[in-house]
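What follows is subunit A paired twice: with subunit B in the first complex and subunit C in the second.
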Partner chain A sequence: MTTAFSLSGVTKRYENFALRDIDLSMPEGQVMGLVGVNGAGKTTLLRILSGLALADAGAVEVLGHAMPAQQVAAKKDLGFATEDMRLFKTRTLRWHMDFVRAIYPGWDEAYATELLRRFDLRAEQTMTGYSHGQRVKALLMLNFARRPRLLLLDEPTTGLDPVARDEVLEALADVLRDEARSVIFSSHNTKDIEQMADTITFVHDGALLASREKEAFLDDWRRIVCLGAWLPDKIAWPEIAAARQNGSILELKVRQFSDGLLKRLQAKGVEIRSTEPMSLEDIFVTTVRAGGVA
Partner chain B sequence: MNFSSLNLPVIKLLVAKDWLLFQKQLAACVLAGIVALCLIGMATGWSFYLGSLLLIIVLVSASCFSISTSLLVERKEHTLAFVMSLPVTPLDYYLAKLVGSLVTFLVPFLVMLAGTMLVILFTPLPDGLVVLSLLIFGHVLLAYTASLSVAMAVESEGWNIFAMISSMVLINPFIMLLGQLPAISDHVKTDTIVFGPVVVSILLGQLVVGVAVLIATGWVHCRKKSFY
Partner chain C sequence: MSRWLYGTELGGYTVYMKYAQIDPGLFLSVSDSTPMYQQIVNQITTKVMAGDWPAGQPLPSIRELASASRVSVITVKRAYAELGQAGVIVTRHGMGSFVAESRDLSTTLLRAEFTKHFDAMLASARRLGLSAEDIRRLLDEQADWSADSTEGSTP
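And then the complex of A and B:
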């Protein structure tokens, strides 16, 4: 199986932030969701993959091309859109479409027209008159219509109203129907990531906390509500990421759920009242607050 | 720097894009430049000085507009990330910016240079002004390359404005300095055009320093680690 990208020992230092020793890869045809708080390093990671930032150390490969040496070859099959990326405001969207079409031979005009209609964008309007949501949709349209093998999307749904967000996610779902295409996207909205991604990657404070298949993540984590007065020792109970006592109610959030764990808990004299799956957001918050072990 | 793997089609598109974005300012500069040349061509005391002043202002404006439209605005308005996400290397981008900026500046510059020469040679103005004019135009071109280099190498808007203003403001002491050189001042008010060793040295110096500054900037640019 070919890899869409791979990062090995990648480090990038800024004055007040450093992305440290990142090892991460993704097979082609997959969708990876990047989850992290503001300033965690998601954007830096995507900029390194897109060639907009060069790593200080480590090896970066995108679609089989070493970066930055072979970045032109990689960028020919790469789409990159960030929430703060802008188009030329005095030019029309049609001008941008012609500009991008002249560069990418794979530009699909019929699909571009379809996206214009779906996103309700006017091609002859200059970008000055576009709202934030329209700008984001225009940028995504310019990326989608060139049919890239790998799409890097940084916060593509941030700041969009619910209708625009739904339109964007629907178009993204269309892209993902083609199994040869790969997507890595970051979002504050973990629901979007939970809905779209095959693999989830947690980034926090410049480090990779975890990167696993979504189903495995969701299967392993559980919120267990018990009756009893007992607080687990973190060393003896590594499966338990968080514990909170509220009166006689004990709430446990566990990272490695199993029937054996329930039996061990019962042996400690606690009465299990319920076991519930956790949302991705809850898993992420618990992981960060537990010191970054997922 | 690897020139063998340049993405020339995209470089051409980027140059054309800069040209397109600069068209309105270019038209305004050329129009103002023609007005300045008409004033100079009237060859009376007041119109000559007013026209000369206007011409220098137009050249400085063309320089600032060119750098601002091509580089500073691109960075400030976050369109740089869009451009750098296209299949280009930092060297491709540098060359596109260099050619694009030079073209957008050199078109009004050369129009005004040619116009100035024609006005001097075909009006009652002394032909000796040709040499002084060429040296002043040489200074403007050198100041432009210096400002362009700072704009490419330094991201701070403050430093860029400082570089543009200071390099152009030096035109006054430069003209005063030229006036002190007998090789120039002795012929300014005559109808003889004399390219002596001093004049040729200054012109060559301006050319060599300008080219060296641009090469050094390319070297610095290709070692940058962030392009957004």
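And then the complex of A and C:
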């Protein structure tokens, strides 16, 4: 299986922040969602993959090309959309489209026109008049229309109104139709990631907390509400990530659910009232609060 | 729009059957507490039971369904695996997935649904401490009632 990218032992130090010892890879044709709080290291990770930042240590490979040695070859098939990337204020979107088309031979004009229509953007307007949401959509359009094999999207839906967010997710879903295309995107909106991603990666404080197939993640975690005067000991019950008690009601958040666990809880005299799956957001917050073992 | 696809073998001949091109988009909701793959399983099962997707009907490819319903590929993969295990669909290597050819598929599905409810009922009866005798008595009362209602008698 070809890998879209792979990082091993990647470290990057800034004055007040360090991305430490990152091992991460993704097979081609997949969508990976990066989840993390502000300043966790998501953007740094994407910048290293894009070739815009150089790792201090470790090996980086993108679409089979070693970075930064073969970055020219990698960048042909790479799209990176981030808010930091400014568009020229006095120029029109059309001017930007022609500019990108002149550099990248893979530019698909028909698809670009389709995206303009779908994103409700006017090509002849200068960027000065664009709202934040329109700028984000313009930037995504300029990247999507190149049909790159690997799309790096930094917070593609942040700050968008609900309708624009829906349009972007729809365009992202279209990219998935082609099994040779891969996407890695970060988002504050865990619902977007939960819906679109095959693999989910938690980043916190410059380190990877977890990176797993989404279904495995959602399968393993459960919220259990029970009746009983008992609080689990953290060492004896490593499956339990969080426990809260109010009177006789006990709420457990479990990172490794199994029928066996329910039986062991019942053996402790605890009466199980409900067992339900957890949202990705809840799993992430619980993981960070529990000290980072997902 | 329609397409020709490999059908069944009859008396040594391969019979080509024509199926309508189906709309791969399912209606899924992120605010539903049912997991996404389960929503897909439920909706496809409903379509099969309702006859929207007849036996032998080719299903959309995993990628096609994922893209049209805006969910990840892995979620659809899992849903298809569960549907395969439940006997609702069959997957032929290199050809894709099809609605199972079982003649009494909808009966099988109804029976599976009944078993699920029956097991849940037994579980809550156990929690209530009801004996088998209690349940039997309740069933008899219920049976009297349904016998009455089918005769259309009025009180």
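The rule we apply is simple: the second predicted complex is superposed on the first by the 293 of 294 C-alpha atoms of A that agree within 3 Å, B and C clash if a C-alpha of one lies under 4 Å from a C-alpha of the other, contacts with A are read in each partner's own complex, and residues count from 1 in each chain.
The rule is short, and it goes like this: a contact is a pair of C-beta atoms (placed from the backbone, for glycine too) under 8 Å apart; a residue touches a chain by one contact, two chains touch by 3 or more.
Keep in mind it's a predicted model, so treat the numbers as computed, not measured.
Visitor: In the superposition on subunit A, see if there is space for subunit B and subunit C together, and answer fit or clash.
Guide: These partners fit in the superposed model.
Visitor: After lining up the shared chain so the two structures overlap, which partner does A:Arg177 touch, if you call subunit B first and subunit C second: first, second, both or neither?
Guide: A:Arg177 sits against subunit C, while subunit B stays out of touch.
Visitor: Scan A:Ser50 for contacts with subunit B and subunit C and give back first, second, both or neither.
Guide: In the superposition, A:Ser50 contacts subunit B only.
Visitor: Of the two partner chains, subunit B (first) and subunit C (second), which one does A:Gln30 touch, if any: first, second, both, or neither?
Guide: After superposition on chain A, A:Gln30 lies in contact with subunit C alone.
Visitor: If we overlay the two complexes on their shared chain A, which of subunit B and subunit C does A:Arg244 touch? Say first, second, both or neither.
Guide: In the superposition, A:Arg244 contacts neither subunit B nor subunit C.
Visitor: A:Phe88 contacts which: subunit B (first), subunit C (second), both, neither?
Guide: first
Visitor: Return, as a multiple of 10 degrees, the angle whose vertex is the Cα centre of subunit A and whose sides reach the Cα centres of subunit B and subunit C.
Guide: 150
Visitor: Figure out whether A:Phe80 sits in contact with subunit B (first) or subunit C (second), or with both, or with neither.
Guide: Only subunit B; A:Phe80 stays clear of subunit C.
Visitor: Quick one: is A:Gln71 in contact with subunit B, with subunit C, with both, or with neither? Answer first, second, both or neither.
Guide: In the superposition, A:Gln71 contacts subunit B only.
Visitor: Working from the superposed arrangement, determine the closest approach of subunit B to subunit C, counting only CA atoms, in whole Å.
Guide: The answer for the closest subunit B-subunit C C-alpha pair is 27 Å.
Visitor: Can you tell me which positions in subunit C touch subunit A when the two form their complex?
Guide: 30, 33, 35-37, 63-64, 66-68, 70-75, 78
Visitor: Write out the stretch or stretches of subunit A touching subunit C in their complex.
Guide: Contacts found on subunit A: 29-31, 169-170, 173-174, 176-177, 179, 191, 194-199, 213-215, 218, 276-277.
Visitor: Considering the complex alone, what residue numbers of subunit B touch subunit A?
Guide: Answer in residue numbers: 5, 7, 9-10, 13, 17, 20-21, 77-79, 81-82, 84-89, 92, 225-228.
Visitor: Please give the residue numbers of subunit A that touch subunit B in the complex, ascending.
Guide: 47, 50-54, 56, 68, 71-73, 75-76, 78, 80, 82, 84-91, 99, 102-103, 139
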